[in-house]
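Each in structure tokens, the structures are laid out below.
Here chain A shows up in two complexes: once beside chain B, once beside chain C.
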Partner chain A sequence: MLENYSKQIKKILKNIKIGDRISVTRENRIYEGFLMPKTDTGDSDSIVIKLDNGYNISIKYERGVKVEKLKKPSRELSKEGFKALEFDSSKPKVALISTGGTIASKVDYRTGGVYALESSEELLSNIPELKDIVYIKDVSSPLKKMSEDIGHKDWQIIAKEVAKHINNNKGVIITHGTDTMHYTSAALSFMLKDLYKPVVLVGSQRSSDRGSTDSFMNLICAAYVSISDIGEVGICMHGTTDDHFCYFIRGSKARKMHTSRRDAFRSINEIPLARIFPEGKVDILNKNHKKRDDSKEVVADTKFEPKIALLKVYPGSDPEILEMLVKKKYKGFVLEGTGLGHVPTFADKSWIPTIKKIIKDGIPVVIAPQTIYGRINTRVYTNLRILYNEAKAIPSEDMLPETAYVKLGWLLGHTKNIEEVRKLMTTNIAGEISERSTIDSFLV
Partner chain B sequence: MLENYSKQIKKILKNIKIGDRISVTRENRIYEGFLMPKTDTGDSDSIVIKLDNGYNISIKYERGVKVEKLKKPSRELSKEGFKALEFDSSKPKVALISTGGTIASKVDYRTGGVYALESSEELLSNIPELKDIVYIKDVSSPLKKMSEDIGHKDWQIIAKEVAKHINNNKGVIITHGTDTMHYTSAALSFMLKDLYKPVVLVGSQRSSDRGSTDSFMNLICAAYVSISDIGEVGICMHGTTDDHFCYFIRGSKARKMHTSRRDAFRSINEIPLARIFPEGKVDILNKNHKKRDDSKEVVADTKFEPKIALLKVYPGSDPEILEMLVKKKYKGFVLEGTGLGHVPTFADKSWIPTIKKIIKDGIPVVIAPQTIYGRINTRVYTNLRILYNEAKAIPSEDMLPETAYVKLGWLLGHTKNIEEVRKLMTTNIAGEISERSTIDSFLV
Partner chain C sequence: MIDYKKIGFKCGIEIHNRLDTKTKLFCNCKPRFSDKKPVLIIKRKLRPVSGELGQVDIAAMYEYLRDRSFLYDCYEEETCLICTDEEPPKEIDEETLEIGIQIAKMLKADIPDEIHIMRKIVIDGSNVCSFQRTAIIGLNGVLKTSLGDIGITNINLEEESAGIVRKDGNEITYRLDRLGIPLIEIGTSPDIKNPDHAKEVAEKLGMIVRSTGKSQRGLGVTRQDVNVSVKGGSRVEIKGVQDLDTLPLVVENEVKRQLELIKNSETPKEETRVAKEDGTTEYTRPLPGGERLYPETDLAPIFIDNNYVNKIKVPETWEEKSKRFIKILPKDMTDQIIKSEYLGLFENFHKKYDPVLVANTFTSIVKDLRRNGINIDFSEEQFDEIFSSVKKKKISKEAIPELLEIMSKEKISLKEALEKSGLESISENELRNLVKKILKEHSDLVETKRFSPLMGLVMKEARGKISGDIVSKVLKEEMK
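Here is the complex of A and B:
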């Protein structure tokens, strides 16, 4: 079992197996984590453990090194199967849709790799709190993908799965990878017509078998949101780096703003819809939300035009890229403009003539802010007036570039009439455009 | 003068000219701003004023409307010429380089358009505080551009202008448009070799003739930074929405994060270098900065390869765009990856085979985080290990995508050897890579 470890290491590791939780004390420092296998190329005379932050550390043997076997963290996923959680049918009925991602993964301590969990039931079995909140009976798993691989066809599958279950449930929880969760939440915001129940996307930044995992608390908070009075699509993730509360963020206003922090998801240009405490309190923060109405029937309206592009302009960017993509039959563009919504206008690399020509040919070009926060302005400067009034670019208002991209694809799935696209693009459909920006929503 | 205004409006505007500052009282509400000209298409029976927030408002005439002529704000730029500020040669000598942008603009109240100021002296003439802080003798204006039009040739011009003046001055202040100021600050960070004096980029979100302008305080704080002990390129702009203090943010770590707020510039993945109060106090916040050394000679090293692109990956993004640009002889790419630095790997639209091929052909592909905050991780997930270890993509570490783009162009200006580019790209040259991320630098 302790293959490739040296003789003296094997000796101090007696009664300990790969995957056991141990502490190693060396020179008065204590390292705690799971014992990892040793590759045949590594130094056989040091102990490798996986720390709770997910990194492996190699601790060189020397005299005085002490190793102790620890109990597993109470939430640790069992490696020897699991016992499914028994729900209480008197609780509010909620559906669970699993699509993959870190929240549905665990580390294999024999190889160090990350693997998908057997099933959603395996994840739920570790969160007994859930049965005191909701009755989860409809569990489905239409996808098993890390979210970097999710695309518009997956959004359509998820939207249809939601529509299938939500009319017989108080709400729906969707577990999803975090990388592109905000693209999916924007897509569902447009695709779920007549939605007046909570559709709660939830993921985790650390897999469920790590000491620092956020998946249990995120799921508990998501359960509370799913039976709340908020009738919208949103993302439920940690609000801070500790386990204090989660935010529920409107699906069309959410963005992953950090590669790794547990509180990476932020509400952009408006305050979050609600703050949810794992003890069950749901604080409504943004009163401007759709209220639950269980009498409405949700329909999935999933038509989508995928042949569109999201591009950024920047110093030196060349508009020839637009012409190349038009030749490839692209049907629409979202450009991330600088500042208030500018594109370069200088000399031979001005974007305005190209944009003007494309729009004249009936292909919509939307400008969204690359600053992320704030709102496009079509008037303050001469270059803006030329771009929006003469060349007829479409401003995204205070919509996120990612949301504008998803909305454009969804609109073009329904109509190719550029004037209709222009009108709907600048009209609020799913909370994606705020009428006015509030001062307290910057970098919150 | 009051052309196109109705008779009764002309009557209540007696003794008032276009461009005068007035208050208009109607139905107990008071509007304050500058009287604007009336176009021949507008309603001749309403008064148009430009509010201090920059917007025009049209106030319909009715009985009881009262108009009062007000004094101009004390800082208002004179329309009838200006008297140049007389500096005191006993103060520390600092050079000023003007490149255009909002800070060098004013509104023409006859047309409502924004126009460039005559000269930097006109701007300075409104800030008498400056002569108590610095002795500005070398004033130059190598460019007059709004920043959406600035490109690598402009960076080269500015870098050479800085090198020309800085060795005879305590520091250099550069006035610049805000849209792409962080690209320029990144470029100067790499192009100014052996810099151990402050190079302070400063701009404004509201032009100097608006009541809410940030240009005066930003310039006063920039003057204090320019004689401080920080030997780096940085951006000096409002730290909050009020006039409390400015931040000085490292040039390779700064980003415009809001379309319009005065405190739009933020320090990403590290705390700002300093907080500067307009009364002159310079609070060093980040002790990890280069100290002033007046004995060093600065050299401009401006070689730059402009044929590179900054692209974003997203659900549905097609790697064919890379192939198209390679055919167009592009020499390098920065991709904004999702989450920890992923690209889509699914089915026929996986980016990895294309990236692998391009890199094998000697063209560097750098991945930077589209989350903006955080750091690329090359190991946690299988897809990451394939992308970085097998396909050999280059991680930007915790570098901003915009900074990675500028750095790649600068490196490729010096070498086309991909292994050298890889090594230097992941090595800290100008503060662009932090060794470790601090918890207090997220959304600050």
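Here is the complex of A and C:
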């Protein structure tokens, strides 16, 4: 428990535990309080005590400072209990899969540390509303990761976990860190074959240790989506900065567009599938989605080629990086092109010869829009015709770069035939490519 | 007369004072009230979070908050994503930290080697994120007073809460311009000897804050909370005493209230009361238990280096200031300006302009106007314009009260106020012409040498435009 304190402090505090009442004496001044743990920030030579008024201060240990354990009872530092939520089995049955992230963490009010929740039941216990909406019996926690640490193996684990539960549940809710939630949602969109039930990813931008957290409303809305008639993978998060409604965004069309706002997730190049109010109303906004069909059996098809890269061209960028990665046996690339889908063509460092050579060698190079919004065009400029007709780059249509990256890995997991990859890359499989660029789909 | 020693009088005080810094405490917004319309109104809910409320029943809190909505008025320059709890806080404002350390040094307080920002749970919606950020930056200090030393238990830096706009059933509206303005809080031990002493302590603490030159001005900038008990009574906290003059009365009334209860064989309860303008108090709620504080996990502890503390200069004490001012001001004015919230402005102006005029404006004129319900809330630039206009003889000093009144009431500039009132000053020559004209019209009065009625007639036209002494002099000359 004394971790993060310096060696000399550990020595001085030998017989003292976190939570013990101590006095620290320095130059005739006595500070009395409870010994607090040290976080990974701050000065490791300073002793943190909680004063009786509740405030923490640190006293630097130096020669002449005396630390004494006092006889008074030590502060209770045991874990806070919680009462598990009792669900009503007459409600629609829904499974919950917890993978970690902000939504599954909490603050210890005595020490101030942020810890992962011991169990998903603890999160649910804070949201009594859920028992009036769903019957959550199957709760599993195959991962406890912050989302920046999640990779393709985790997507495979989650997909298999969903497949395991979804066939005997009305839907599945997955709690997930937000940073890469849209990669996971894209991966699940491809990996869950014959899905005709809602798979709802949900997270939180403001942790649930504060009264203003978005996690509870997001989860309540997610519960409503999970029993709705939408048969797709999607992300359910705040639609605006208000605690008003959530959007359910198609898993292959969602992107985190802000570092911290609660309405960070936006639907790109199409309007959100639905607007969900925490009171239970589900407004379908986008009729173009798969409808629930409980007779279908979902299977997880999780084959994935991880040796692929998502790169970005920019003024002055050097195609050498592609050659280096090919030498390292990379099997495919998604390049974020500029504007309509360009790469430096007649620039000092043209990307064309390298791309042409790589593709000739059977390694697919997909171009996705770094503008995020809009569709790749292969014809309107000479430089585009050079890239797509001569060098044979594969356009991602209006697919997000992140979705294109996930899709390429999934396709290459199934076939290394570049012509087959080309064909499937430009064919809509999981709602990732819109047939029409609708006029209402920008900045929504 | 109450013998305060005999009745076991115990009293401590806590002052809160808004600071005049360049930015808010944890973001770069302007720390001021907006006079513009909100650019956005956001709507939020709050929820009880497991464990945070200690003894309070979570289920009851859940019921309480479930039906409540909070609306927040957001202002262009005074609200950002940090204020709306959409972005983590930035590090503590360096300027505020320095002011805090100055004050801690002036009160001979210990400064912790690491300052920990804490979260204090607030669930009435006045803090968007449901807690107030607060930190102890000094403890074990001492304040010298006429009745001995008073212990200073804590000096805190904290965020001001959002101001309430209206309560509409279960919908409460707050404005976010005030949220996050830096506050300094200073708390004393229960060492205060009697009600007048309470005033002295509050006054001195206020003077210490103002001597940094970084206190905001205006109504509600300083708030006093006072704790009172007597033998056989209980600790009662009286919140929100804004006027120092009523502080002794508030304390005395509380003492009498507790003594009265004891006399009737009742035991006064520990409770929180709120001060009303007439010096009486009103019950608000039972005294809350120990405040639930936990560390602000979004911010690291601030290591306070000795070199850093040593480099921060302590401002001049009021004794030193007093010695300096007594050379340019009469004694009573010196005393008043030193206690004034305008001390900082006086310092900025007294070398450029007539110190007596400046001090008189800030003490008696502004005070008189306030007494008449006119709130003087002008910027340094506005005062500068007024004093420089007097210096350039564009206006007479006699016109200042009326001009301030018009500017405040109609929210207009000095130029507009001059046009409206016609208080632009006139030269002695112009006055002489006016006098001649009036004497001609009232030759009967001139013949009977009726000075006073004539003076009255001239002043009717010239009031505020030129000094009365000059009017009298010119009139006498012309009547000869």
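We take it that the second predicted complex is superposed on the first by the 357 of 444 C-alpha atoms of A that agree within 3 Å, B and C clash if a C-alpha of one lies under 4 Å from a C-alpha of the other, contacts with A are read in each partner's own complex, and residues count from 1 in each chain.
Everything that follows uses one rule, which is that a contact is a pair of C-beta atoms (placed from the backbone, for glycine too) under 8 Å apart; a residue touches a chain by one contact, two chains touch by 3 or more.
Note that the structure is a prediction, hence the values are computed from the model and not measured.
Applying the stated contact rule after C-alpha superposition, one finds that A:98 touches neither chain B nor chain C. Between chain B and chain C, it is B that contacts the larger number of residues in chain A. Look at A:252: by the touch rule set out above, it reaches neither chain B nor chain C.
In the superposition on chain A, A:260 contacts both chain B and chain C. In the superposition on chain A, contact of A:126 is made with chain C only, not with chain B.
Touch criterion met: A:324 reaches chain B, while chain C stays clear of it. By the touch criterion defined above, A:57 reaches chain C but does not reach chain B. In the superposition on chain A, contact is made by A:241 with both chain B and chain C.
Once the two complexes are overlaid on the shared chain, A:151 sits against chain B while remaining clear of chain C. Under the contact criterion defined above, the residues of chain A that touch both chain B in one complex and chain C in the other are 54, 113-114, 241, 259-261. Looking at the complex, you find that chain B touches chain A at residues 54, 113-114, 145-152, 155, 178-180, 183-184, 241, 256-261, 263-264, 266, 306, 308-312, 314-317, 320-321, 324-325, 328, 336, 338-346, 349, 369, 371-377, 380-383, 402, 405, 409, 439, 442-444.
Chain A makes touch with chain C in their complex at residues 29, 39, 41-43, 46, 48, 51-60, 80, 82, 106-107, 109-114, 122, 125-126, 128, 205-206, 208-213, 216-217, 241-244, 259-262.
Contact residues on chain C toward chain A in their complex (touch as defined above): 42-52, 62, 65, 81, 84-88, 110, 112-116, 118-121, 123, 128-131, 134-136, 139-140, 153-154, 156, 290-295, 297, 300-301, 303.
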